[in-house]
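A short worksheet on the structure shown next.
Note that the chains are named A, B, C and D in the order they appear, and that numbering of residues resets to 1 at the start of each chain.
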Amino acid sequence: MLIRVTEEVLRPEEATAAVESPGAGAIGLFLGVVRDNNKGRRVAYLEYDAYPSMAEKVMREIAEEARDRFGLIDCAVLHRTGRLEIGETSLLIAVSCGHRAASFEGGHWLVDEIKKRVPVWKKEVWEDGEEWIEGPESLGMQAPASMR
Amino acid sequence: MLIRVTEEVLRPEEATAAVESPGAGAIGLFLGVVRDNNKGRRVAYLEYDAYPSMAEKVMREIAEEARDRFGLIDCAVLHRTGRLEIGETSLLIAVSCGHRAASFEGGHWLVDEIKKRVPVWKKEVWEDGEEWIEGPESLGMQAPASMR
Amino acid sequence: MEITVLLFASVAEAAGARRLQLPIEHGDTVATVRDRLLAERPALARFAPNLLYALDEEYVDTAAPVHAGATLALIPPVSGG
Amino acid sequence: MEITVLLFASVAEAAGARRLQLPIEHGDTVATVRDRLLAERPALARFAPNLLYALDEEYVDTAAPVHAGATLALIPPVSGG
């Protein structure tokens, strides 16, 4: 199971190779990519911060849960940090499985969970300012009172 | 829109490059891969036949419908023909879109539709025999009487 | 007047051919051409229940008329992907 | 007795620090450490409503006891992906 938080460029072919298996009939990849706009504002670039060791730990927990829930053969989860330009890949996921449905459902679930609980943060930088984004789906926006 | 039926090896990086766009926040890839088993039998290799010109026409129709239905920015659909060994990619799909949900839903729909109506056929070759597969989801298994 | 008939996969193997030129008559439809072809080549009969037909690369009803120079493809259940 | 406090993203920028060493007392919990930290650094108060806490890389309730040598991370709403 390939799990990594890195400042290096993410390479889809590495993630694909990591999940390949003779029993796999489907491989799904997801690339989260830096978009040139968000909520009607032009984005110049993004800056990602992370708590790398905990992020890798949580990514591994999510990947193991996805494997068990969706019957995946293997999965890979990589997140990039630092400054990312428009078009660059911030999140890279690969899953392998026997049949196609699990590749789509498992991949979708993985991305949803990553956005909830992996300690990574993005700052949007515009021509005229910048802002750290608080993910609307994050656990921090909906955790129980006992965690406050 | 990159649409192709070919005997050449399918390259995911070509499909990704074909759908990249500054407005894309998500890129989804799907690889249909030759599995070493099917219904409990060991598969030695697959042989794909196609009606290439019609297959490309139908793939384009499906891709255009997917783009409109799911609000995709772009998509690429490539199918390989000829002899394919275990682990090789027979079907390659890439979609780009603003947000992640459409990449999974649109990709899943594309694969489902391709299996219904694109004129491509696989022959499974085992140690001790071979068989042309009739896709259980194909239009041919469920078309109206007027088409018979 | 002739049409081209294309055969694929299991059907091509059973027929021993991937392409045939068939004479057609005025008023012929996909169904009449198909019936004549099956009569000539009984090896194809077992595929008939699940065959679909494409006329010039478009799935059609078997009542569709065929015209000289058309391409008719016999499409067994597809299994791409 | 000390713990390490890690700060990230918006919180690190507001604090002007990514890592602090804080003294702790017997019976301290995540909540008591947090309250002391916010009293010392009022610039962090505005983040408090949405903060979560990780103790040694695990999300915890704020009632969790802290131990000497522990690492406490302040986690603003994540926005990876």
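Here are a few things to note about the model shown:
Throughout what follows, a residue touches a chain if its C-beta (ideal position, glycine included) is under 8 Å from a C-beta of that chain, and two chains touch if they have at least 3 such contacts.
Just so it is clear, the model here is predicted, and its values are computed rather than measured.
Taking the definition of touch as given, a chain qualifies here only if it contacts subunit B and subunit C alike; none does.
Measuring from the averaged C-alpha position of subunit A to that of subunit D gives a distance of 25 Å.
Chain geometry summary: the mean Cα position of subunit B and that of subunit D are 49 Å apart. A straight line joining the Cα centres of subunit C and subunit D is 73 Å long.
Those residues of subunit A in touch with two or more other chains are numbered 32, 100, 111. Among the residues of subunit C, those touching two or more other chains are numbered 81.
In summary, the structure contains touching chain pairs A-B, A-D, B-C. Subunit C makes touch with subunit B in their complex at residues 6, 8-10, 12-13, 49-54, 57, 59-63, 73, 75-81. By the touch criterion given at the top, residues 12-13, 16, 20, 22-37, 86-87, 89, 96, 98, 100-101, 103-105, 107-108, 111 of subunit A touch subunit B in their complex. The part of subunit B that touches subunit C in the complex is made up of residues 32, 48-51, 53-55, 57, 79, 90-91, 111, 114-123, 132-135, 138-141, 143, 146-148.
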